[in-house]
Amino acid sequence: MTARAETSARRSDPAPGMVEKRGSALWLTHVAMILGVLVVFFPIWLAFVASTVSQPEIARPPMPLLPGDRFLENYQKALFSGVNVPVAVMLFNSLVMATGIAVGKIVISILSAFAIVYFRFPARSLFFWLIFLTLMLPVEVRIVPTYEVVARFGMLNTYGGLIFPLIASATATFLFRQFFLTIPDELAEAARVDGAGPMRFFWDIVLPMSRTNIAALFVILFIYGWNQYLWPLLVTTDPAMNTIVMGLKQMFPSGDDIADWPVIMATSILAMIPPVIVVISMQKLFIRGLVDSEK
Amino acid sequence: MATVDLIDVKKRFGPAEVIRGISVAIENGEFIVIVGPSGCGKSTLLRMVAGLESVSDGEVRIDGARMNEKEPMDRDIAMVFQNYALYPHMTVRQNMGYSLKISGIPKADIARKVAQAADLLQLSDYLDRKPRQLSGGQRQRVAMGRAIVRQPKLFLFDEPLSNLDAKLRVQMRLEIRELQSKLGVTSLYVTHDQVEAMTMADRMIVMNGGVAEQIGTPLDVYERPETLFAAQFIGSPAMNVIEATTGNGQAVLANGAALTAPAAQAGPVTLGLRPEHLALDPDGPLVLEVSFAEPLGPNTLLHGRLAGSADAFTASLPGVHRLSQGRGQVRLNARPGDLHFFDPQTGRRLA
Amino acid sequence: MEKRVTFQGWLLPLCLITPQVVISAVFFFYPAAQAVWQSLYLPDPFGLSSRFVGMGNFEYLLSDPYYRTAIGTTAVFSGLVTLVSMVPALFLAVLADRLIKGAGTYRTLLIWPYAVAPAVAGVLWLFMFNTRIGVVAWYLGQLGYDWNHVLNGAEAMGLVVVASSWGRISYNFLFFFAALQAVPRSVIEAAAIDGARFWRRFFTIVLPLLSPTTFFLLVVNVVYAFFETFGVIHTITSGGPQQATTILVYKVYADGFVGQDLGSSSAQSVILLIIVGLLTVLQFKVIEKRVHY
């Protein structure tokens, strides 16, 4: 399956034999493609426009479809006052949570995958299957008992409570295991002959060779962590611990009050910027990680 | 530099015995080639010397000291792998210096030793490249360099040339041999290629089915093969083998042809005749019905069957021979001294 | 598949594996076991004690009309999400695949929505369809259609389906595009020489070659619709109106946290657990097939 991630490079040769690609057909394809992109993009565009206009402009439909002049004002208000808590605080919480999940999961996974692949030790296959089992169950399914565990540990409204339950899954372990199995045996043997013990081999050979995998996994896990909703909703009752994705919903007033749409929309835009930047800037890695992690 | 002693070394994987007791004493500075078909256990034997496989029975000694329980790194050896096993993320310099860095040698010394080795192997211009930027032959040299910077007691080569193309193989063969005699380091070299074995070895170990069929110098093995297997494995094209009966200074084949043989032989034998030891002789007892000829230039291979026999038979004659359409009959003879006799039951050489 | 070479020792590997094992035990196995255990008990109304009821919670659940409705809702919802997220994605991928130049740019633009969290996507779509100020709702009104997903269950379902599928289009597009790029040129050209025109080639050659990817995405999208759309539903409809958009995962939350009905919520978790198990097995079967593809 890795092969398919690399295929985009394969067709670098624009063969003259490519069939039916001339004149009007080509233009039609471009037009259809652009229409498709516009439709897919429209919600984001509208959110951006809403984040640059004033509340009355939105409250009297139809709202304008081009940006207004309230950009700075709205974003400033969102970032530093917010509704319940400044969005800057929520952004920080999200950053800690997403990074914590990505780093934490990578660290525990790469260590256990290394142990499983390169050692034979008692109960190895038992551990392997235990870890494997955790592939099967998203946190959504076990929320009530997991919540109780976190509460008992006094981890409500803490970063630990946000992070730990979400790294208890074996996807990354599996991925690293698959990768380690592709490292030629001779490399470990050469290292042994060169005098490297297991941990030295891990630091000097395995870790540098896993760089791309680690980076790709980081992108995927960062977005996974950033976009969590249900779990932060349960664990963070204190607004100061809210993450931006779940805090967004908390900005809607209960009852019939009119929501502060420009600020809410500015917050939506802020909530999507970090993951979008990560995805766009690391597109190649991201696609590779995505395709690999679904293996 | 070191001596290596294998004393009745055995290896079992579960119930299967893949090395069935091999003993050899290797002298200081010797170049030993372990040769045999795939699956004969030659790599396993080498890996046991390296410490990458445990020894089930018997003893491996380096410089007289028992090595069975020692880690590879404590055996003072260096190994060149078939796929080179270069660390892909390190430069040539880092690859070559890695073992020195682990043993805590000062940076300046590492740099000096790497530079020396690189110079010896003509790698000085490539020190900052990654393995993937090198050609096959260069990677091979880096693997060699990684081995020699450590100045180990013992070099181990596991089919190091089998990933190279034919021309480069010949060249690297010479280079490795030259380097080894320059450094004088005892070496064990595994290959399935009998030409490599013949050209490189001080002594070779011919292995088959986990057993050493013969241990000796290349010419020993060629001239006096101890077993039918060694006889057929070494030499190209392979030795012809025919059932025969000896007595009265003659070897009589099943088809009635009679060759002059040393008088001492008597009884049924398996007769071995190297293709290159056959000569044209208008009165020769062997009639070869040639089905096709391969003119190689320096010599010509004639393939066919002996008259009245069903087994394939090959003769190699010096120079060029033009047979009409490559077919026809030729009469051949062989000198008594070039006849090899093996026990038909055990395949062992008869005196 | 196993490695030939291993390092010696057992203490070091046990240390290396400990963090993952401990975290899995505390935050996974214990809660999962707890869910199974709780599903067999019925707490009294004050939460002071509970008594063993065996399969009682399950029997009650499966005869509960609300739960049955939720099962139906989930089936409709995930079916629609899968369809709405895959068909446009395939269409866009086929278009992008026809382009030599610019395909990369379109891909970059189309990836965006994938990065948007489901909950944020919910807010964006809620904003467009808000009954009072939503731009799309307003234009629909101008056309004479009175949009009101707050009262109309079908409209609410439509809105959560579209909002859930939106980001998924990006994901499916990436996979379809990669798969299309992997279709050998020579096969397409051979078909063209045989006289097959574009759409004919697409349906007789390309689509069959894409079937492993399609099947894989089908399973993955169903899993997504089941478990990862909570944010969309919570932000847009909160399961309403009249539970018209209450899918199973939402009900676990609503009964467990809002309704505090632990026995029922745990039984629901166990049922979901079985569903995930089945889907995972299916997913692995699919992936095995893909490996040979």
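As written, the chains take the letters A, B and C, and residue 1 is the first residue of each chain.
We take it that contacts are C-beta pairs under 8 Å (C-beta built on N, C-alpha and C of every residue); 3 or more make two chains touch, one makes a residue touch a chain.
Computed from a prediction, not measured in an experiment: that's the story for all the values here.
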item: A-C compared against A-B, more contacting pairs; value: A-C
item: Furthest chain, CA centroid comparison against chain B; value: C
item: Chain whose averaged C-alpha position falls nearest the assembly-wide average; value: A
item: Chain B-chain C separation of Cα centroids, rounded to whole Å; value: 61
item: Interchain centroid distance [CA atoms averaged], chain A/chain C, Å; value: 16
item: Length of the line joining the C-alpha centres of chain A and chain B, rounded to whole Å; value: 56
item: Junction residues of chain A, two or more chains touched; value: 189, 192
item: For chain C, residues contacting two or more additional chains; value: 5
item: Contacts with two or more other chains, residues of chain B listed in rising order; value: 52
item: Contacting residues of chain B [partner chain A, same complex]; value: 50-52, 71-73, 77-79, 81-90, 98-99, 102-103, 146
item: Residue numbers on chain A that touch chain B, as the complex places them; value: 184, 186-187, 189-196, 200, 204-205, 208-209, 211
item: Chain C residues touching chain A - in the complex, by the definition given at the top; value: 1, 3-7, 9-10, 12-14, 16-17, 19-21, 23-24, 26-32, 34-35, 38, 88, 91-92, 95-96, 98-100, 102, 104, 106-121, 123-125, 127-128, 132-135, 137-139, 166, 169-171, 174-175, 177-179, 181-182, 185, 188-189, 192, 197-198, 216, 220, 227-228, 230-231, 234-235, 249, 252-253, 256-257, 262, 265-266, 269, 272-273, 276-277, 280, 287, 290-291
item: Interfacial residue positions of chain A with respect to chain C in the complex; value: 1, 3-5, 7-8, 10-11, 14-15, 17-21, 26, 29-30, 32-33, 36-37, 40-41, 43-44, 46-47, 50, 58-59, 61-63, 65, 107-109, 111-112, 114-122, 124, 127, 130-131, 133-138, 140-150, 164-165, 167-170, 173, 180-181, 185, 188-189, 192, 197-199, 201, 223, 226-230, 233-234, 245-246, 248-249, 258, 261, 264-265, 268, 271-272, 275-276, 278-280, 283, 286-287, 290-291, 294-295
